[in-house]
Every structure is written in structure tokens, then in C-alpha cells.
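Two complexes follow with chain A in common, the first pairing it with chain B and the second with chain C.
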Partner chain A sequence: MTCDALIIGAGHNGLVTACYLARAGMKVTVAEKNDWIGGAAVSRELYPGFTYSNCSYVCSLFRPEIMRDLELPRYGLQILPYEGGVVFMENGDYLGMFRDHDANRREFARHSPRDAEAYDRYSRDIMRHCRFIRPLLMRTPPDPSSFKPRDLSELAYLGRKAMELSEVQISDMIRFWTMSISDFLDGYFESPVIKAYLAVSAIIGTALGPMSPGSAYVLLHHYMGDVDGNVGAWGFARGGMGAITQALKASLEASGGTIKAGHGVEKVLVRNGRAVGVELDNGETLHATRVISNMDVRRTFLKHVAADELPSDFVRQVKRFKTRGSSGKLNIALDAAPKFTALPEGAPNLRGDLHFTDTVERMERAYDDWKSGHFTRDPFQDVMIPTMIDPTMTPPGKHFMSCFVQYAPPRIEGRDWTDADRDAFGQACVNQINRFAPGFKDLILHMEVRTPRELEAEVGLTEGNIFQGELTFDQLLFNRPVPGYAQYRSPIKALWMCGSSTHPGGGVMGAPGRNAAAEILRDARMGIDMSDAYAVL
Partner chain B sequence: MIARLHFNKHLLETPFYPRTAPLNKHSEWGAWSGHLSATGFGDTEMEYTAIRNGASVYDLCPMVKYRITGPDAVAYLDRLTVRNVAKLTPGGVHYTVWCDDAGKVLDDGTLFRHGPQDFLLCCQERHLPWLTDATLGFEVAVEEITETIAALSLQGPCTASVLSAAGWDVSSLRPFRMTKVPFDGTTLTISRTGFTGDLGYELWIGPAHALALWDHLFTAGAPWGIRPIGSDALNMARIEAGFLIAGMDFIPAEQALREDRVRSPFELGLDWLIDWNKDHFNGRRALIRERESRASQWSLVGLDIAGNVSAEGSLIYHAKQKEVGYITAALWSPTTKRNLAIAHLKRPYAAAKSDNLWVEIYALRELQYVKLMVPARITPRPFFTPARRRATPPGRF
Partner chain C sequence: MPSSDVIVIGGGPNGLAAATRLAQSGRRVTLVEAQPQVGGGAATTEFHTGYRTSALAHILQGPDARVASAMKLDAHGLRLSTPLTTAVPGIDPLTMQGTFGKVSGLAATDLAAWSELQERLTRFARLLAPMRQMTPPRPAAKAGNDLWNLGKLGLSLRSMGKVEFRELLRMLLINVADVLEDDLTDDRLMGLLAFDATLGAWAGPRSPNSLIVYLNRIAAGETLTLPMGGMGSVAAAMRKAAEAAGVTVLTGSPVDRIDMAADIVIGVTLANGENFAAGAVLSAICPRRTLETLVGPRYLDTGFIRRARAIKSRGGAAKLHLALTGAPHFPAADLTWRIVLAPSVNAVENAFNPVKYGEVPDAPVMEITFPTAHDPSLAPSGHHVLSAVVQFAPHAPKDRDAARAQMLQNTLNVLETAAPGLRPLIAHAEILMPYDIEDRFGMSGGSWHHGDLAVEQMLFLRPFAGVSQYNTPIPGLWLGGAGSHPGGGISGAAGWNAATQLLQGAKP
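After this line comes the complex of A and B, so read on.
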């Protein structure tokens, strides 16, 4: 039996592609190696009664256009905005974040009156960059070396957008896309803790330090999403990030698609330069008119496609595609809410992200550890307790805590991680939290510790890179994943890519999957209504 | 020091709150720069009438205030703002604007000169980074002191009489001048300034003396029907006076997302403030270029619109066809009996092609909007300038 589209991997992007193709009338099968679906947008119950967001933990990038096209709310998806955020400082004080503009200004003023009045202009400038980049998310990048009318007109579109900007804004933009977040923030703020808070988005999931050139763009990548039009805001998927992929699954099945979970694809079958199906690790063969890979580009082409089917130049570039992992994750079931001594009673800040690194310099030192092949003893953590807002994930009064940790290298001094390394890494993180919330350790009912090793083994993220490839400028737009192949196609006919390795990159965004579907349908001369990108403001 | 628990109250009460709260019959409050500010006290029409007939009191405390002191204060402010600060003598006040390097307006405000080296800048938006960065090379200190001064705006034709009944003779106080009088063991500053285009004064005092001032004023003002007003009534009066509000009538340059939203003083009709003969000021080169190459894109104008339906937010068309501008503030003016608006018009539709302007109005008629296309013509601002505004000594009513 041959299906019209066989998708390798039930990550959210694979499912988004599958949904659009099924809605257009294709017969779609998704083959997932794990017994569960979701890739890095997954919720599993590893401790009875507790649902985790095992990998990704907060949602903002996932495009509302896609939620609407695929009717995800109807299939159970609900996004909850959250409030708060705090940096605990070594001197016993803290910096809180508030949704209310005036409360936030006063809190900044506690640390620097000048910075309090600088924040609006900072936000304005970031928003300007968002306005430029956002419309590009839901478009196939042009191939600058091509003379096809489509590429020329898409290049012209980019040119026009750039022409709308003044010289001042163009130079701002070029500086922003290439500079470090540390330098960028120095242009606005003086308070170390304010800079430390704002620098976070620039290093999440990135093998860069806050002082590395190019880190400022990563901040934008985390800022260009929205929660119902509130640009830059983040939220939770009610029920955990797995709720997103569960809604996609339900939407897919409602339009006739099927998911086969439990057996990985061993190889892509190629005949006469054309993909014709896949072979699973249990020996089963699935035939398909086209094969679409949700795996990262290195895994797809270096592990599951015969090398002799590929141009050597392409292979060389794929090998060079940077997928250096930098992050780990702790998922913790808590018997009760932790008490952070610095925070006054009634402060809303625990309903947001909790940080324990109060200077950019400390973040950079943590990155130094990564460079020398160690996980850091003074980790930088982005901690959330989604159950402060989401009542569905644990029994009442109990909590789920998600700790995203930088930096953890893909290998320890060139050798593989051991279980002992992993446990020591987990302890360093727990100890840090315990310093600010005495007694925290005693609340732990169960803990899952994940290093790049676990992320690669389970989700298939090469080297544990959470974005299926770093978000540095050399790997964006028409250079993502590699020059000449940014339009979701590969050197093999009928073999497509739809994962985060493709434009516009990682995060639970769905845009790569949606854009890939648009290209596949165009190629198949099949039409379907897809929403265009919504405007920013 | 800001208390750690500040987050329990997002909008602060001003020092006058114990008096204004019980008087606010509908509890109509809005947010103004982090403070509770009355939008009305229960009857906007009567509040407006107090401005034009008797004496009205508006709580000005939330207005952002910067104190600028030091031997180079004049030179600094001359460099910062477009107007000539050296000409502003101690005890004087002037309205001014300041621009970014591209000559686009960052904000407008009033500058009070309390002493040779002592100024107070009052404005709508917050600018501490801009103001402190600009101190480079000047011996001057800039401090944000919004919450350390309580202020009331006393406006209306009888306000001189009210002050006189309160024991303060302001008969010789000319417009845009201030005087200081002893009160409640401290110094009360009275400036002949305001935002209504009428006779009026602003009163400035330490927050600890705010309630004493309020009580004294309301006792003295009773015969003239003194009453508190909210921002809705004030807004009516300020439109009649033709005054602009940052963030409502123009986007301050540092906040504009879209580059075409920013405006130069020429484009806001504020170029008359610029002193071209003084030394360099911020934005000067760009403004000279704009003037010489006639590069201004917009004009800010007053409109007199046919009919009596107020035209807030309306678009303006030339010959009913081409979109040439938009309205930022509008009202049916009770005092002038005209349908007025403040509008941005693309050039040349404010001058050479100013005939044949039309305004598209959505008129709400029993839950249903009706679209009107009505003619409008450009008319000078201020729309309302009574002689009593400037008369010195002021009349009794």
C-alpha cells in the first residue's frame, strides 16, 4: 500500500506538515520511532499523577495562524499567558518582572532609576526588529543564486522591505543581527541584574555566550512570538507542551491521517534518484509517493540516506551544519511549592521564570565551562513552575518544576557523558535552587535529569541541540539548513525536509512544518487555504 | 527608596486622593503615569462649565517632573530644547519641545525657571536616559522628582478671585510668571499657567501640605462654585485651546515603531518655538535641512467641520476620494459652538490644496453607526482665546 506522504517523525513540525497535507486530500502516514509522539513538544507522566513538559516548557512562537488553520482549539489546545519572573541575587535582593507597566518600571527603578525609563525604548527597538523579521517566518526563503521568477520576486520582496527602512534603521538592524547581547544591552542599561535578566533569551538553547557576537539575534528569535497578539509574551500550553502535539494528532486523525509510533525509520528508500518509501527498524517497508523528514538535517542525511545517493558537496555542508548542544533539563515533581526567602509574601513572580544568575559575567563564565568541555558548577537556569497557573498537571497543592539549564556540552572533555556525570549535573542545579529556597531538596518526589546525551537518544536531536541546528546568522534564512536547499527540498527527488533544521528554525513554532507543506502542495499542484502571517501591531 | 511591596498597588494614589476619592461620585479613574487619575467626578458637562464659568481644580500630581540644577543648567537646556532658555528669566515659564538628532519631536512640556541655576521640566513621557545622556560636557544634575511635588491646576475666569479670597494677591502676576507665597509653614508656588486656554493658575507644594492646600482652596473658592474636574472635561477645554498631548496628538520619536510616525516641529506647527539664532541645539542641523529643502511631509492644523457630530479618529479626504490626513482630537465645542478638530494633513493639503477637504465620520445612532462624509475647513488655533486669559490684572470673573 502506498501513501501520498510519509513523514518521518511525529515532532510538532512533522505533525503540522501532516495536517496540512491531509487536509489538502493526501493520504498521510507519520512514522515515529518512540512509543509516544511529540518530539521536543511532549508531555509524559513519569511519576504517577504528574504530567511533565519533558523538553520544551513554554509557548509563544507557535503561530496562531496554524492553530486556526488546523482548528487546534477545537481539538483541545489552550494557551495560557503567564505573569511574573524573577532573578534572585547573590546579595539577597531580587529583580522581579511584572506584567503591569508601572509596577515593572518601579521594580526596575529599585535597581536603577535610569534603566526604569530606558526599558520602553529598548522594547520599541526590539519590536522594530520583530516587525521586520516576523513576516519572513511564514514564507519560503528565496534562493539568491537562482533566476527563477519566484526567487527573483521573493528577493525583490526582501529588498522592498529593506528599502522601507531608513539608513539609521538599516545600520541598527545589521548591528543587531551581528552583535552580542551583552553589547546590545549595554547600549540601554546600566544595572547588572537587569541586563542579566534580559540576556537570557539570547542564550537559551544556544552554544554562544552572552558576549558572543550573534547572540542578539537569538534574543529576537525568542521575542517574535506572541500570545494572542501580545508580542514577546510567553505562555503555557494547558496540560503541558504535549497538549500541542496531542491537538495536532487529533486534528490529523480527523482528516484521515495516521500515526505509526514505536518503530524508527532505518533508511529512506531511493530508486532512480527518487524517494519511494522507508524501511523501519523492524524490517517493515512503507511505500510513499513522497517522504518528508522531521528529523534534523544531519540525522536525516548522514544516518538514514545512503551516502552514494547524495552529492558530496551537499554532504560536506550538512556535516558542517552546527548542531552543538548546550542545554540540559531537569523535570521535578514537588510535594509542595518551594519557598524562596528573598521574595515577599504575595509576590506574583513565582508564576513566571525564575533565574539565579545575576550578572552577564556569570553567564559568560558558565559558557567558558562549556567551551572547555564541562557542564558548569554555577549553571544558568530558566526555572518555571507551570502548575502555579495550570491546574491540570499535578494533584492540587503539588507542583511540577521545569529547569532549563545552560550550559551542558554534548560531550565531556571529548568523551561521552556517564550516568555519574548526569547525576552530578543534576545535583549542581538542585543545589543552586536550594540556596535560594532552603528545604527545596526535601520537596522532591521524582526528578528526571536530561543532558544532551538523553536529548539525542530520545528525541533524536543531534548533539542535543534543541533547535535542530544553531540559530546563528550563517545558518538562517536562505542558508538554513545549507545554501541551495532552503526551500524544504533535498538533492533527492520527493525527499523533503520539514523540521526545525529548516527556515525559520527551532522552537515550538510550526512555521517550518507549515512552509514545507506549502511547498509540497505547490509542487503537487494542490491548493489549500493557508492563513498569511498576521501583522505585528 | 521604592518599597519592595510596591507591586501590591500598581496605580498610586496622589497626595490629594483623600479629598478627591469621596468627591468622585462615579469612581471614574484612569491611569496616568502610574497614578490614579480621575477621568471625571460624575458630571463632565458641569465640570467643563466650571472651567469656562467659575473655578475648576485638576489634580496634576502624576505629571512627570525633572529638576535640572547646576551652573550649566541654562546652557544644557539651550542645547536640549529648541527654545531660547537664556531669555527665560527666573520666575518665568515657557512651553517648549525637544528633538532627537533627526529633528523629530521627543516630547513637549513646560519649563519653569525657579532660579538662575534651577529649573523644573514638566512633561507627559519619561526621558531620564535621554536627559542624563545629554548632560555630557555640562555641569548639571538631572533628577526625576515627580512624586516629591504635589500640584493642582486651578482654571477658570474666577480663579484670580478665588486666590485673592484665599489670601494671595495675584493681580500683578502676568501669564507665564510665578510667585512664591508662604503657606502652612512652607512655600507655595503659584504660576499663571494652565492647559485650558483660560485664565488660570497652577499651584505647587510639598506633598505633606497637599491636603491643607486643597481645604484652604475649596473654602476660599466656595462662592465661585469651585469644583474638581477629571481629564474628560479638561480634554474638552484643551482642544478648544488647541494644545497637543504627546502620545495622543503625536507619537514621541522614541516610541514610534513605524518610522513615518515621527514628526518634526514644522510638522506639528511648533516651529515658532525654535530660536535659530541661539547656539547649536539638538536636531538643529536636521531642522535647517528640512526648512531649506522644504522636506516637511505633514502639517498639524485646526479644522472646523460641518455639522455637530464630533469626529474623533476620523480620516480626512481630498475631494472625497484621496486620503490626505487624520484627526487626533475632536469635539463639539460648547463655548465656540463649532465642531472642532486637531488634524494631521499631508502637505500640500494644509495650504495650497486645502479647499475641498472632507471628513469621514461614523455617527452612532441608536447602536448603529451611520457613515457621514462632511466638509471641513482649516481654521486657526487656538480655537478659543478669551481676553481674560492674558488680562493683567485679571478681571473678577
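After this line comes the complex of A and C, so read on.
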């Protein structure tokens, strides 16, 4: 039996592609190696009664066009916008964040009146950069080395978009894409803690420090999303991040697609330069007219496709693709809400992200540790307690805490992580929180510590890179994943890519999955209604 | 009141080149220099009785071909050493010709990978080299863009073939460490290349965008030489050329302000109160000092001043001078060579890490020359001068004196390990930190480039948006120093380009 499309991996991008193809009338099968689905957008119960968002933990980037096209709210997806956030400072003070611009401004003024003024200018400039780049997310990147009419007209389109801006705006934009977030923020702010708070989005998930050139772009990557039309807003998926992939699954099944979980793909079967199906790790063969990989590009082509089927230049480029993991994750079941010394109980800021790194320098020093192959003893943590607004994840009165941690190297001084390293890493994070919330340690009922080793082994992210490849210019746009193959196609006919290794990259965004589906359908000369990416601007 | 067509502020290589270009085209030019002698960073100094050396820049890469030929520097007395060989010393030494040339001492596998890499990067650098002699294009509809040369450049990029063009786009903003580690395995070679790539930059080899800075350096010239008599003899030859072209050179004449009437430049006032009238002023000193101090905010709008103030100018290099009572011994290295102590990519990266926080690296990396091995007259007979650029050094440490002392100690420790027995030969040691360089040569932050040479401050972003074509919103005011495209170094290219634009009378 042959299906029209076989998708390897039931992560959010694979499922998005599957949904679009199934809606267009293709017979779709998704093969997933784990017994559960979701990839890194997953909710799991590892401690009785507690639902964990094990990997990804907040939602903003997921494209509203996709939610609408695939009717995800109808299949149970609900995004709860959260507000607030706080940076706990070494001196006992704190910087609170609010969803309301003017409230933020007042809080900034407490730390620096000058920075409160600058915040208006900053917000306006960031929004302008976002508005320019967002439409590019949902478009297949043109190949600048090609003379095909389609590529030329897309390049001309981008050129026209750019020329709508003034000289100073174009210059500011190019500076923003290439400079470090630290330098960028220095152009606006003077307060170290304000800079530390704003620099966060520029380092999450990347193997760059806040002083690395190119990090400002990563900030943009995290700011492009929206929740209910509020650009830059973030939310929790009710029931954990798995709710997104569960809704996608329900949407897929309603369109007639199927998911086969429990057996991984061993290899992609290729006949005469064309993908014809896959062989599973239990020996079973699945035939398909086309195969679409949601795995990262290195995993797909270096582990699951025979090297002699691929041009050697392509293999060389894939081997060069950088997937350096930089982060770890703690998932903690808490007996009660932690009490932070600096803030009163129930402060609205506790419903947002909690940080303990009050200078850009401390983040950069943590990155220096990563560069030399160590996990840091003074980690940067992005801590969330989603149960502050989503009570469905734990028994009443209890809480689930998610700690995203940087920096954690894929290997320690060139050797693999050991369990002892993992525990020491987890302990460093817990100790940091405990300093600001005495007694925190005693509230821990259960804790899952994940280093790049665990992320690779379970989720299949090579080297634990949460974006399936670094977001630096040599791996963005027409360079992603490798030059000449940025249009979701591979050197093997009928073998496609739809994961975060492709444009526009990682985050629970769904854009690579949707763009890949658009290309596949275009190739198959099948039409489907997709929301216009510009309608939401 | 003395009057001229153009007043050039600053007698460094760019100011001298610009003044000469203008005078050769028939303009009456006065060049005013604050110091008692011309040269700026191109100077020779007696740092210890009987020992002379290049005070800041010590190796000549280039200069710009147009400058060298129009100023006939050799006819004006400039003598250069034979081209330098670069060596990474050790039991197993490695040598390289020129800035990016033939390497010997490599194993066979690395040799093949190196040839491929060297060929590719040299090709990219040569393609981009014409950019250095062009006025940068501006992304503005009414800008005076040099469409003819831009078209030629675009065509040459596209005609190198699809594969190479894609590689260029991929590598445009990549970090140099990834490029090296993808193909090479030899630590000595990778350390040398990582060092050269970040020389004069405020970046480590793992900083994204570091390769393009390296390509720009390679494009600046393929041979390295030492000027006989130190870098001051370059300035002396340039001054002779300028005066032969008719330039009036006034040294010891610091400028207090640029005079304006009805928002138009009418001349300059010196610190001693003397006025000089001119229809145009070309400043070859720091753009930020020119605009903020010499012009002043009252003539400029706030957005403009903010962009000027946002110029990042962080020097990351220190300059070391040692007076030696004898010849030191670097294993398997000749004192006529350029000796680079940068054992690996990580050594360079680790030397950069602490300067981000205003601290001093434990083991700095460095480039060493012995000017006395080429020109013995610089020191007493049998004695030597060691001149080194040492990276990285903090430009704004908490305690300047402590940082300087620590930097000297750490540098001497590295030197003693590389050349045992060097320490007892030292009669005198001097180290100039970036802030010392700022104090002595007026370069803000101690940056040789009058502003970081980084992608966000290159081409039409140099020194900042709107003034990249050497003209400013103030009629008659021009910028032609290292802060403008294509940056610093003893080349004179920025000054030459600026003078060319001035002569064409481009309007803002």
C-alpha cells in the first residue's frame, strides 16, 4: 500500500505539513519514533497528576494563519496570554515587567528615567524591524544564484520592500541584523538590569552570547510572534505545549491522515534517485510517493539516507551545518508556589518569566564557559510557572515550574555528559533559584533535568539544538539549511524537508511546515486555500 | 586672514593623501596638524635613549596603490624592507609568505585543504578589493552612487559561477573559526589565521562576521614590509610629496573649532585663536570628534548627533616596545621575520574573552617584528628593538595603571616562554594600552580605525548612515579619515577617496 506523503517525525512542523497536505486531498502518514507525538512541543506526565511542558514551554511564534487554516481552536487549542515578568537582582531589588507599555515605562523610570524615555524609541524601532521581516517568514526564500523567473521576481519583490524604507531605516535595519544585542541596547539604555532583561530574547536557544555580533537578529526572531494579534506577546498553551500538537493531530485525523507512533524510521528508501518510502526500525517498509523529513538536516541526510545517493558537495555542506546545542531544561513539580523575597505573594509579575541574571556581562560570562566546553555555575535561567494561570496542569494548589537554562554545551570538554554532570548542572540551577526564594528546594516533589544529551536522545535534536540549527546568517534565509537547497527540496527527488532546519528556522512557529507544504503542493500542481500571510500585518 | 580652497585637519596618512590629491588637482590646500610633526599613527619614536621604533603602526600593508604612485613615495625617500615572511615559531615551525600566501611546514592533508581554502578566500578578497577604492554606495534614491563601477563589481561576483557565488553569500557573515575548523586541523596555521583575522578588530575568531573583516584585510595588500627608519619615514615621504604638490603644512596647530556662517563652513579657528578661511574643510581625524567637538551639536539635528555618538570605537590592541641589549632567540625563527605567537583558535578567543569585561588576558597573543634586524641604525650596534602588537587589551578597564602593569607582565611571560632568555636582555619596556593610544594619538577608544571595523560599521554604514560618501549635511564639511570607508591602516585610501569625492563636488 502506498501513501501520497510520508512524513518522518510528528513534531509540530511535520504535523503542520501533514495537515495541509491531507486537506489538499493527499493520503498522508506520519511516522513517529516515540510512543507519543509532539517532538519538542509536547506535554507529558512524568509525575502522577502533573503535566509537564517538557521541552518548549511558551507560545508566541506559532503563526495565527496556521491556527486559522487548520482550525486548531476547534480541535482544542487555547492560548492563554500571560503578562509580566521579573528580573531578580543581586542587590535584593527587582525589575518588574508588565504587558502594558506604560506600566513598563513607569517601572523602567524607577531604575532610570532616561531609559523610560528611550523605551518608547526602542519599542517603535523594534516594531518596525518586525514588520519588515514578518512577511518573509511565510515565503520560500529566493535563490540569489538562480536566474529562474520565480527567484528573480521574488528578489525584486524584496528589493522593492526594502526601497520603501528611508536610507536611515535601511541602515538601522542592516545594523540591527548584524550587530550584537549588547551593542544595540547600549544605543538606547543605560540601566544594566534593563539591558539584561531585554537581551534575553537574543540568546535563547542560540550558541551566541549577548556580545556576539548577529545576536540582535535572534531577538527579532523571538519578537516576531503574536498572541491574538498582539505582536511580541507570549502565551501558554492550555494543558501544556503538547496541546498544540494534540490539536494538530486531531485536525490531521479529521482530514483523513494517520499517525504511526512507536517505531522510528531507519532509512529513506531511494530508487533511481527518487525517494519511494521508508524502512522502519522494526523492519517494516512503508511506500510513499514522496517522503518529507521533519528531522533536522544532519539527522536526515547523514543518518537516514545512504551517502552514495547524495552528491558529495551536498554531504559536505550538511556536515558543516552548525547544530551546536546551548541549552538545558529543568521540569519541576512543586508542592506549593515558591515565595520570592523581593516580591509579595501573588504579584502579577510572577505569572510571567522569572530571571535571575541582572547584567549582560553575567550572561556573556556564562557563554564564555560554554565556549570552553563547560556548563556554567552561574546559569541564565528563563523560569516559568504556567500553573499560575493554567490550573489544568497540576492538582489544586500545586505547581509546575519550567526552567530553561543556558549555557549547556553538547559535550563537556570533548567528552559526553555523565549522569553526575547532569545532576550537578541541575543543582546549580536549583541553588540559584533558592537564593531568591529561600525554602524553594523543599517544595520540589519531582525534577526532570535535561541536558543537550537528553534532548538529542529523546527528541532527536542533533546536539540538543532546539532550533535544529543555529540562527546565524550563514544558516538563514537562502543559506538555510544549505545554499542551493533552501526551497524545502533535497538532491533526491520526492524527498523534502519541513523541519526547523529550513527557513525561517526554529521556535514553535509552524512556518517551515507550512512553507514546505506550499512547495510540495505547488510541485504536485494541487491547490489549497492558505491564509494570506499579509492579512495579519 | 590666510585663506585657501580647502583646509585638511589631521596630518596622518589619510590627511596627507587627501591634501596631496586636492593640491595636485589645483586646489590651494592648508593642512593643519596638532602635533609638532605629521604622521599621526605613522610615527617613529625614541622610546628609550638610543632606541627608536615605529610608535604605533609598525608593518606596512599596501599602501593604497593610487596613493603610492601619485605621491611617488620612493622618490621622496621611502625605503622598504624586503617582504616579510611570517612565522609561527617552535620546534616545528610554520611559515607564510605575505598576508595570505604560500605556507610551508604543513602535513599533506592540511596542505590540500589549505590550498583550496586559500584559493577561495583570495578570490573573494580580490573580487572585493575594488570596493576599497570606491565611494560606498548609499541605499538612497538621490545618492551619487557610482553605478558603473558597482555594476562591474556585481558582474564580476556573478561571473565566478553559481557554486562560488553561493559560497560567498554563505560566508559573508560567518565567523572565521568555523571556516578554519571546517577544513583544517593544524593548530599552528589556524591560530595564525585566527590572529590575522582579528588583528585590529574588537572581536574574537568565534564572533560572527569576523571573516569579512579578514577578507578586507587581505584585500588591503598582499605583501608586508617594514619602512626603513620606522613608520615616521612614511609620514616624512608623504609630507614631502604633499609639499611638492603645493600643500601648506602647519604642524603644532591644533584646531579649536570649525567656523560656520549661515550653516556653511567658512574655515577653522586654531587653539591659539588664529583664523583660517576656506571654502571647504576635510577632516581626517575621528568623525565623532569632528562632529561633536569641532562643529558642535547646535549645527546638527538630534538624530544625526545620536548616530555620531553611537559609533563604536573600541581599540583591542596594545603596542609593546622592548629595548634589548642583544639578539633574542626564537626557536627556528629569523629576526627578520614577522613572528606570530597565537598557538590556536582558542588561544585567540581566550585572549579576547576578558577584554569584554575590561579585564586583561592571562596569555595574550601577538605579532612581533624586530625593526633593527632590517635597519640596525634604530638601536646601538648589536642591540635590538622588539616591536609587537599585543591582543587583546581592554580599552576601558577599571584601573588603567593596574591593567597596564598586568598586561606588560602577562605579555613578557608569554614572550619568555616563546624565547627563553629574553627577559635578561630587556633594557627598557614600554606598553601602550588602547587608552594610552587614545591619549597620545587622539584615536577615540584607541581604535586604529577611528571606529570599530565591523560589518555594522562598514561601507554605507561607515562612519554611519548618511555620511558614508565623505560629505556631511553641512555644506563644505568632508570626512576623510580612517573612520570613513575603507578604514584605517597606513594606506591613505580613505583620504584619497574623500578628496576624489570633494573634487567631484558631490552634494549631500
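Here is the rule we go by: the second predicted complex is superposed on the first by the 531 of 537 C-alpha atoms of A that agree within 3 Å, B and C clash if a C-alpha of one lies under 4 Å from a C-alpha of the other, contacts with A are read in each partner's own complex, and residues count from 1 in each chain.
Following the convention adopted for this analysis, a residue touches a chain if its C-beta (ideal position, glycine included) is under 8 Å from a C-beta of that chain, and two chains touch if they have at least 3 such contacts.
The structure presented is a predicted model; accordingly, all values stated were derived computationally and were not measured.
By the touch criterion defined above, A:522 lies against neither chain B nor chain C after alignment on the C-alpha atoms of chain A. By the document's definition of touching, of the two partners only chain B reaches A:131; chain C does not.
Legend: residue contacts after superposition of the two complexes on their common chain; A:441 is shown touching neither chain B nor chain C.
Contacts of A:109 after superposition: chain B is touched, whereas chain C is not reached. Once the two complexes are laid over each other on the shared chain, residue contacts for A:472 go to chain C alone; chain B is not touched.
Once chain A of one complex is fitted onto chain A of the other, the partner contacts of A:484 are limited to chain C, with no touch recorded for chain B. Of the two partner chains placed by superposition, A:68 touches none, neither chain B nor chain C. Of the two partner chains placed around the shared chain by superposition, chain B and chain C are both touched by A:168.
Common to the chain B-facing and chain C-facing surfaces of chain A are residues 166, 168.
By the touch rule above, chain C contacts chain A in their complex via residues 138-141, 143, 162-163, 165-167, 169-175, 178, 182, 203, 206-209, 303, 307, 310, 312, 346, 349-350, 353, 356-357, 454-456, 460-461, 464-466. Interface residues of chain A facing chain C in the complex, by the touch rule stated above, are 144-146, 162-163, 166-168, 170-172, 174-175, 178-179, 183, 187, 208, 211-214, 313, 320, 322, 361, 364-365, 368, 371-372, 472-474, 478-479, 483-484.
The touching residues of chain A, when paired with chain B in their complex, are 96, 98, 100, 102-103, 105-107, 109-110, 113-114, 116-118, 120-121, 124, 127-128, 131, 165-166, 168-169, 188, 344, 346-348, 537. Of all the residues in chain B, the ones that touch chain A in their complex are 2, 4-8, 10-11, 31, 33-34, 102, 126-129, 132, 144, 254-257, 259.
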